[in-house]
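So, here's a batch of structures to check.
First chain A sits with chain B, and in the next complex the same chain sits with chain C.
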Partner chain A sequence: MKGPKLWIGAGVVGLYVLAAILAPWIAPHDPLAQDVVAALQGPSAAHLLGTDELGRDQLSRILMAARIDLPVAALATLLPCLLGTALGVICGYFGGWFDAIVMRISDLLQAFPMYILMIVLVFSLGPGVRSLLISFTAVGWVVYARLVRAEVLRIRQTEYVTAAITAGFGAPRVIVRHVLPNTLRQTLIYLTSDLVFAVTALAAFSFLGFGIQQPTPEWGSMIAAAQPYITTQALLTVVPGLVITVLALGFALLGDALQERKRA
Partner chain B sequence: MSALKIKGLSLVRADGVTLVDNVDLALAPGETLGIVGESGSGKSLTLRAILGILPAGITATGEIACTARTAMVFQEPATALNPTMRAGDLVARVWRRHHPGRSKADALTAATELFEQVGIDRAADRLRAWPHELSGGMRQRVMIAAALAAEPEVLLCDEPTTALDVRVQAQILDLLRDLVARRSMAMIFVSHDLAVVASVSERLLVMRRGEVVETGVLTEVLAAPAHEYTAELLAANLGRRLKSESRESRESRESSESLGSVTR
Partner chain C sequence: MKRPAITAALTLALLASVTACGGAGAGEASGDSTTPKAGGTLNVVRSNPFEGFELDKETLNSSYQISQAVIEPLIRTTEDGTGLEPGLAESWEYSKGDTVLTVKLDADAKFSDGKPVTADDVAFSVKTWQAGANYGATYASIASTKVVDDKTIEMTLAAPDTALAAFLSWATAGVVPEDFGGRTAAEYWQKPIGAGAFTVSEWSANGQVVLTKNPDYYRDGGPYLDKVVSTYASDPNSITLQMRSGQLDMADEIMPVTAATLPKDQVKAQPQHLTPVLLMNTKDPALADVATRQAIAYAIDYAAISQSALKGYGVAPTGALPTNSLNWAAPSQPYFTLDAAKSTELLKGQAKTLSLVYPNDPSSTLMAQIIQQNLAAVGITVTLQSADSATAFAAESSGEYQLGIFSYNAISPDVADPAWYVAGTSTMFTGLPADDAITALTDYAATTDTAKKKAAVTKLQDIWFEQAPFVALAHTSALEGQRDVVHDAHVTPWGTYYLDTVWKN
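After this line comes the complex of A and B, so read on.
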């Protein structure tokens, strides 16, 4: 039942979280300290992964970037999840005109390609973490709302909800105690796979210059900055790219394992 | 004075089909009434109308006067318990709902007592059990404990033994009979199975296609059915049940002696 997927996925993600927490202590250099004389050096004993175009230590920047990428990616999935769950529960449990309006809005949002919509939003709000989170939330809640709404519609019909109502509990109690806990498993599975998207999309936005700005270390923007030197110092682009890929893979394995466990 | 009185209850589906037609029913305090009828005869719906938990799209007309506190035991103990709530928590919550101002510790003590009353041994341990850790019979006992936590004057049972195997069924019937006698509760017991209904009821109401075809004191109705449908039910039951019933009840009486149940 608990295959290697779960452990590998959890191990990879755990390692990243650990690196993010310990980064200030294990990073060998200040990630912002420039040393133009030592710019664009290959790996050496002093700089294990070399230095970038401004002579900053690449390893330190990658480690410190985890402190930005991980929490922002987590928020970029949690916020849409919270909004979508709240709306989905209200829609599924009470139905009526509110349900109709919310579902039509979600139809409308789903008719657009997700990335384009997010780019438009970030573009009009200006670059930065705040507008990234707003655009992730504004677009991402739709799937959570639909998922939770469908679950609530199912759970509402179950006898334990009827039993809770006949026992005299009010709607808020029934929702919080009896309906919501039973939707969590589905939501959690989707949330894990949504993290894969958040990690890659966050890096993509930063790569395009809409996300986290230099000099703050961030994997996507590091790739963008190192682009001109790809023929001479390929490691500067390859390593951050690998770091993103492995993290996304970790989340994907975790999501897969949870999905399989649910079926088992 | 009656604990519950229904006059001219009709239930009509949105498409105009009449599901329950002009049902009259009266229940005196402490009285046990059995409602028997085939699937779709409207017996469960009548019960649900009393509690005001009709499925969407059904309109009710007529009068339901109910001054007594009611609680319901559902058919399917597998779905009538919230899988994300511990058995004891459920009972304790219902108890607290009906005893406002009492502490959580009081509620747990009450839940333990209720578990013991419904014949759950190792009650203190079982409080912490999740529904999936309990057998069908145990789950139904938990359901009954939760219903008793509301201290009902009228207990409504919607085929509470249908999903259980015959031996457990007999134990639950013994338990209900015992509880009704000890707490001088009134009870309405709905089932498609005449033998089951007959074993717990003083009065009998026979329903078919939404109408009451016959009502009266159980022994009289069984001795001299006035309606041919009742006679059919009786004949069908006699052939099939009486032989196995005598054997099963002997076995179940032996195995349920520890419950301290009253015998027939």
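After this line comes the complex of A and C, so read on.
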């Protein structure tokens, strides 16, 4: 079962990445071009997925949204990963008061419901990509820090690390050459599953109006904008919803496959 | 085998029709849509919370709608909302150069506890209205009151004010018993007694408001309904589904997007006072030049706004003020229309970047995007800033914005009502001095001559056209979801209706 999961997951994610790269060339219409006379039309040869409330081509907007959602989701995962990994390594390797302070802060952050904390942050910073990334990073580093710290504590006891320290190598060299590379696998596996959260959370924030704003095409805000038409033009909400679901599924399969490989 | 089946069907149909005729003749439930039928419960949904019965604290139609059914105002408006008619005040008359308004009360008018409505109650009510922080200024022109007899009161005005009668039809001019019937103000507003068609059984801001028929109501005929149950739902889909399933009889103040999802025969539309506008902050350096503001007004595609954002329930504007109000008059020049060439010429090649704050309801969101695209076509880049309605209003009313989408309304028939709102809010938060507008409004209030009143309105329209501190985006329709079992709910141009005339079959 390892094979199919990996290939399906990678295939799905690869397809989305490809769509994001090629969107400006394959999108049949300008995703921002309004044509109110053609608003809320069903699928047709001219508009394969129909048009939205301002007559914009839904397929073009979905394709162009990939250029926003994918990079923002990747950054929303990568930034907390980098911060958490750096803090985890320092805490795990050096311990002491710095470790105690960082871990208590992480306890504090984990005591709050994650979504609520993120909403409060985005609300106080104002909607937009910058606020989203700050909020994801401020809350998301905790798991990475704990994960890496635990790995570093284990690795630090290994003979090869003891040997490196005994040989007189400095802490930066030991960390970069011997400790960090051995934590990466675990981090990468978590990062893949964290992407699932990032994709869905990003859409949720935009749906709630805290994320990327109209008229920029973004899957979550497209669902929100189409919500009043759910009883008459269901496709306007169903298709972006499916697009998010399939991408999240792709990342989930990829994460599962990597996890299973590690166990094997 | 076919013939007996057809015959049986025809016989059943005939029997059914005969039974129906017989039923109608016996005066039972008939489905007749012209003869009012007493009884039943009206299930209505409101799109906004109910703010409570304290009249001065009410700001939403959803609140006015409920409170006026309990604490009836002194004067009523006509069914179409374009005139005034007797209510608790059987008659009213200006004298002494329009500086005294004499009001005679209906002889049968009673509060729901059975006590008669007297001139002393009205005098106390006037003091209550004037003490209000929000609406007190509206009644400030009443310098003093004099109780002539139990049913007659004279209001002496500080200056001639012929628009006052219209303001006495506002829901905020509800008549309360003297000294709140011996209770404290807080106790009274929690469970008020009024002379309206209904009494309060229970209420909560975000939940149900249950009103029960007032058996002592003074007007002949109504109320017909035994009970009114008002629930709150802001989600358009929920309203649509409840209307379609028959759980609701009426849906108040539905949005155009909701109306677009209901069967056509369940949507009642009529031109309304609510006017969406694009505010332009004249205090902002980027918008200080009147030519820039006019350029923006000429760049907007008003037809697209009516068609898309209002789903066809609106028309291109013909002036800054809502058209179907008493004494409305057009500006002396044609109002703004889409004219990209003129807009470009007025801008003189200046590229600008502006921000636009708007409430995040579906209609405003669409308007903002249309305006953004329209202004991009003439070289103005617009950054959109959506916010919940309270935050957007806070930004606009404090002058912390460049462009803003806002809607203003009137709650009485007279055009002076919305005009005073504009003038009294520093030209609707745009910072344009309102001295000229106030002079025109004073001229308006000082005369009973319709031609002179209309001349004053044209002057107002011209000021707001030439200075372009804001531009009306459309003249819209008041929309009400209404099933065919409901009758005689006459929605006024400001979106409310009297519940005492409503009946169900």
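Just so we're on the same page, the second predicted complex is superposed on the first by the 262 of 264 C-alpha atoms of A that agree within 3 Å, B and C clash if a C-alpha of one lies under 4 Å from a C-alpha of the other, contacts with A are read in each partner's own complex, and residues count from 1 in each chain.
Going forward, contacts are C-beta pairs under 8 Å (C-beta built on N, C-alpha and C of every residue); 3 or more make two chains touch, one makes a residue touch a chain.
Every value quoted in this text rests on a predicted model; they were computed, and no experiment measured them.
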Room on chain A for both chain B and chain C (clash or fit): fit
Touching partner for A:181 - first (chain B), second (chain C), both, neither: first
First (chain B), second (chain C), both or neither touched by A:230: second
First (chain B), second (chain C), both or neither touched by A:32: second
Contacts of A:44 with chain B and chain C, given as first, second, both or neither: neither
Touched partner set for A:158, first chain B, second chain C, both or neither: first
First (chain B), second (chain C), both or neither touched by A:214: second
Contacts of A:245 with chain B and chain C, given as first, second, both or neither: neither
Per-pair minimum CA distance [chain C against chain B, superposed on A] in Å: 50
Residue numbers on chain C that touch chain A, as the complex places them: 236-237, 240-241, 255, 257-258, 260-261, 304, 307-308, 360, 362, 365-366, 368-370, 372-373, 384-386, 388
Residues of chain A defined as touching chain B within the complex: 158-169, 177-178, 181-182, 184
Of chain A, residues touching chain C in the complex: 32, 34, 36-37, 39, 53-55, 127, 209, 213-215, 225, 227-232
Interface residues, chain B side, partner chain A - complex: 51, 53, 70-72, 74-76, 79-85, 93-94, 97-98, 143, 146, 150
